[in-house]
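Step one of this worksheet: look at the structure below.
Here the chain labels run A, B, C, D, E and F in written order, and each chain numbers its own residues starting at 1.
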């Protein structure tokens, strides 16, 4: 048993499948256990569609609230956004844009990684 | 000896992930490692004990039963189990437990490596 | 420990892009990930593995040059514990 | 009045197709059309009557039960049902029948339009 | 009856390619199909529809220009029976 | 009740999911019913990977045998093959390569279509 730092990546767009929200639920679960693991939340590929400002967050608001209170931010990969023609103005306020090189740095500091 | 954590979010048959997960777990157990698997989302369909299909000699649930016999821990997400109408896993093969995300958090804490499928 | 990118789904493309930028990356192709082209990564000297069983049943073993090592599940388990697994399967 | 045939190959929750299928079927029934749906592969998980999930007021099986009440025909592939351990649909909502591909062939014959999801 | 390409999955890309070559095509985007770019088809004068509910919950309604008509399930059913459905959902 | 001509398209590669073989089972079912519908079998997108000559057909051999006896051919779209770098020499003998324009013609003559 040990506290770990876990990188969660979100690779699937809402709402064709439910990984986008059930991944957040799992992240809440990881941070709420006895070990209180810490997490990074990174949106890649089609997953970045979740970071659009007009996306309906009804299903995920509760998990996002818990994670935000814990100081966590949603991080979207710039290269994935650009490939889909999404500009910074299209994004929700709680989303931070980071470069692919930054994502690789998050990979390096993680103890474990989980993809949703 | 090390501990392999596994997360499986897809069910039997439709997608290949269950087969990959079972095969990796078998290989890890055969090498003397510990295996702790969490079944999440559609992953909870895998251990239903009544699976029967004439074209297949070994059913998915048999593969998971063999893992349990070799010492693997398999825990299913209870919220997912009940959402899918599986009533607390009443029709599960022996040895698969129904738990929750705290169990997955524990697996994260214990795992030397984690595979998500 | 170096990072082992486990590539086994459509999302695997996202993982391959990261592996290209990761100086300590190795790549392991499984499931439909064996259809993806990792030759650009292999050419930079990074190690690329593919699960032999998954490549064989898809009829792809001839497609892999000597730069990709075909492995079994036992070797896969050894690699998993010798690296940090970056999951995209 | 026309007949809408439907083929659904994915289960509840994990993928959106079940919701789309139910919504299209509802709209067709409301317009007075006939709906004949075949559940194939993971589609056979949809009508399990014990589904319960606190976050959702209406469960997938309730949506399908409402279709049956409005006159839709829903038939599940028996081979798929038994492969997945659902024992001839013993835990299905009322009105969903367990059949086989000949039923799907019949739906093809009768359908003025066919949607596959 | 003209062909209505029902585009609602990753395989929808295959359907869009066919629709481009089909002189009597209309396109209906549903589910994750609403992420796909059908503007090249709309520009050729072919009718492109998108399911409003699926576009709205994804926050995409602003992305659709006047060349795409947003519709509800009732209209979707009417279109289904007024065309031959070419399934890619 | 009426005999229909049904276009089956196969859009998913083996073996990540089972649509590649269960779609063939459904095609057999369609041709075996009382109405004895007729079918076209077309491989598109990643589905064309099934047409490689070295693919293990254990799961689907029975369905393919029934369909072949009925005179049906597996048709792979040239543009999808080319996009994946697959040449004619890579294909199984029972595969016929047709153009995207040919696929559109098959769409036109079909009464109904089904995608797997």
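Convention: a residue touches a chain if its C-beta (ideal position, glycine included) is under 8 Å from a C-beta of that chain, and two chains touch if they have at least 3 such contacts.
The structure presented is a predicted model; accordingly, all values stated were derived computationally and were not measured.
Student: Counting one step for each move to a touching chain, how far apart are subunit C and subunit D?
Tutor: Step count on the best path from subunit C to subunit D: 2.
Student: Touching both subunit D and subunit F, which chains are there?
Tutor: Common neighbours, subunit D/subunit F: B, E.
Student: Check every other chain and keep only those touching both subunit A and subunit F; list them.
Tutor: B, C, D, E
Student: What chain lies farthest away from subunit A once each centre is taken as the mean of the Cα atoms?
Tutor: F
Student: Over half shared numbers or under half: where do the identical copies subunit B and subunit D land at their interface, same or different?
Tutor: Both copies, subunit B as well as subunit D, present the same residues to each other, with over half of the numbers appearing on both sides.
Student: Tell me which has more C-beta contacts between its two chains, A-B or A-E.
Tutor: Between A-E and A-B, contacts are more numerous in A-B.
Student: Where the CA atoms of subunit B average out and where those of subunit F average out, how many Å apart are those spots?
Tutor: 34
Student: Just curious, how far off is subunit C from subunit B if you go by their C-alpha centres, in Å?
Tutor: 24
Student: Mind checking the centre-to-centre distance between subunit B and subunit D? Centres are C-alpha means, answer in whole Å.
Tutor: Distance between chain centres, rounded to whole Å: 28 Å.
Student: Going by the contact rule already set, what residues in subunit A reach two or more other chains?
Tutor: 15-16, 18, 112-115
Student: Among the residues of subunit C, which ones contact at least 2 other chains?
Tutor: Expected reply: 9-10, 31-32, 84-85, 87, 89.
Student: Mind pulling the residue numbers of subunit B that touch at least two other chains?
Tutor: In subunit B, residues 13-14, 16, 41, 113-114, 116 touch at least two other chains, as defined above.
Student: Under the stated touch criterion, can you name all the chain pairs that qualify?
Tutor: Every pair of chains meeting the touch criterion: A-B, A-C, A-D, A-E, B-C, B-D, B-F, C-F, D-E, D-F, E-F.
Student: Which residues of subunit F touch subunit D once you look at their complex with the stated criterion?
Tutor: 1-4, 6, 18-19, 22, 25-26, 28-30, 32-35, 37, 112-116
Student: Please name which positions on subunit E make contact with subunit A in the complex.
Tutor: Touch residues, subunit E against subunit A: 9, 31-32, 35, 54, 56-62.
Student: For the complex, give me every residue of subunit C touching subunit A.
Tutor: Result: residues 3, 9-11, 13-15, 17-18, 21-22, 24, 84-89 of subunit C touch subunit A.
Student: Tell me, which parts of subunit D touch subunit E in their complex?
Tutor: Touch list, subunit D to subunit E: 2, 4, 16-17, 20, 23-24, 26-28, 30-31, 33, 112-117.
Student: Could you list, by residue number, the parts of subunit E that touch subunit D in their complex?
Tutor: 6, 8, 30-32, 53-54, 72-74, 76-78, 80-81, 84-85, 87, 89
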